[in-house]
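Order as written gives the chain letters A, B, C and D; numbering starts at 1 within each chain.
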Amino acid sequence: MKILYFAWLRQRIGTDTEEFVLPNEIQTVEDLINWLITRGPGYSDAFAKPEVIRAAVNLEYVNFDHSLKNEDEVAFFPPVTGG
Amino acid sequence: MKILYFAWLRQRIGTDTEEFVLPNEIQTVEDLINWLITRGPGYSDAFAKPEVIRAAVNLEYVNFDHSLKNEDEVAFFPPVTGG
Amino acid sequence: MIKVQKEDFDISKEIEALASSDGSIGAVSSFVGLVRDQDSREVSAEALKSITLEHYPAMTEKKLLEIEIKAKSRWNIKSSIIIHRYGRLEPGEKIVFVACASKHRQDAFDACNFLMDWLKTEAPFWKLEESQSRKNWVKKRESDDKAAERWK
Amino acid sequence: MIKVQKEDFDISKEIEALASSDGSIGAVSSFVGLVRDQDSREVSAEALKSITLEHYPAMTEKKLLEIEIKAKSRWNIKSSIIIHRYGRLEPGEKIVFVACASKHRQDAFDACNFLMDWLKTEAPFWKLEESQSRKNWVKKRESDDKAAERWK
């Protein structure tokens, strides 16, 4: 699985991309967030308010109950502010 | 009084401007149209359907019951089609 | 600003002049009207050779200024411009340009849309179309009256 | 057409390319978003030095193409273009450009307004503002969500 972080999530976590094999117990985006939070203070800081974070899987916006597969590209970011 | 004609009114009447002293019996735009119609076939052709003609007095749109003065500039034209 | 002219104009320059007039401008909405390649008849339209725009100069300037002031009183517009050409124009040429600059985008969009709708029903311009077989004065579109009514 | 680029662009050229793509085009509505001279805080805004636009390239292209297709399915649009810049931009610089070309003006106006509203809530771009004393990520505006809701 590939995970991308943007804007202040990227800054707090300290990286823009990481790749790893999806652990079996992670079924959904929410599971993934809960697992990431355990990986260090940068992660727990970045995901402190999950309600202000948007997730995309394979370039599509998804809800946190979306099911994940190991070959997915998952992105986490704040609400968009382009334009 | 100065009278201006535009678009197909100008073409039918055969002139774009005319000036004359306002006859006493002409009180309103409607009176003026009725008087102009008597001046020849070009005029009666131009004013055959007064309901499709707009009038302006001193650069402002007016209704046909608008009162006229000798120093007015009166314009007659079809509905506008710019833009 | 109002410009009624025969000459063509450069859209980039006009938008940049507008945008640079005030540092708080974040949005410029604009509209360009062009001569189409067919005459305006709904049925059996013919290829168009040219249009000729006639206008009533003094009244044109006055009416365009009035609708610009009206737009500024209704929306939070920092600056605006209306350019309308007259004379003979060929298919593809620009006829009219309207642009409005504001801090946030909806003011610019609405004011620009309003200016075009009012210009279409208030500004004393008339279009004569010339195609291969005929010359005819363009008829007004009922939809233009309805569009202008929305803002009343 | 979608262009996501660092470089500046010329509005006249873009509009003229759009307008000349089809002779039946009579209307081009466009919008330019610019960097304002103050940061986006509602209270005690400071002079802005620059913004830096970060984006998610693959998803940006996909989302912009989707909203362009959506606009073409809802309005009678002959052609359209969306240009969005990324990287570092200074006050007065262009950020985004949207233009829609149609036969009659209301399709162009509505499609352009829709594209901007959807782009604001769907396109994965994020703005980092830099003023004299601070750097901060721009917060989303509730009014943008409401604007996008209008079209649903």
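The rule is short, and it goes like this: contacts are C-beta pairs under 8 Å (C-beta built on N, C-alpha and C of every residue); 3 or more make two chains touch, one makes a residue touch a chain.
This is a predicted model, so every value here is computed, not measured.
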Worksheet item: Going by the stated contact rule, which chains contact subunit A and subunit C alike?
Response: D
Response to the item:
Any chain touching subunit A and subunit D at once appears in the list none
Discussion item. From the C-alpha centres, identify the chain that is farthest from subunit C.
Written reply: A
Worksheet item: So what's the Cα centroid distance for subunit B and subunit C, whole Å?
Response: 26
Discussion item. Measuring centre to centre with CA averages, how many angstrom lie between subunit C and subunit D?
Written reply: 23
Practice prompt. Report, in whole Å, the distance between the mean C-alpha point of subunit A and the mean C-alpha point of subunit B.
Written response: 73
Practice prompt. Express in whole angstrom the distance between the two chain centres, defined as the mean CA positions of subunit B and subunit D.
Written response: 49
Discussion item. Give the residues of subunit D touching no fewer than two other chains, as numbers and ranges.
Written reply: 33, 116
Discussion item. If we use the touch criterion from the header, which chain pairs count as touching?
Written reply: A-D, B-C, C-D
Worksheet item: subunit C touches which residues of subunit D in the complex?
Response: 10-13, 15, 19-20, 23-38, 91-92, 103-106, 108-109, 112-113, 116, 143, 147
Response to the item:
Touching subunit B in the complex, subunit C uses residues 33, 53-56, 58-59, 62-63, 84, 95-96, 116, 119-128, 137-140
Worksheet, complete the sentence: Residue set of subunit A touching subunit D in the complex reads 4, 6-8, 10, 56, 59, 75, 77-83
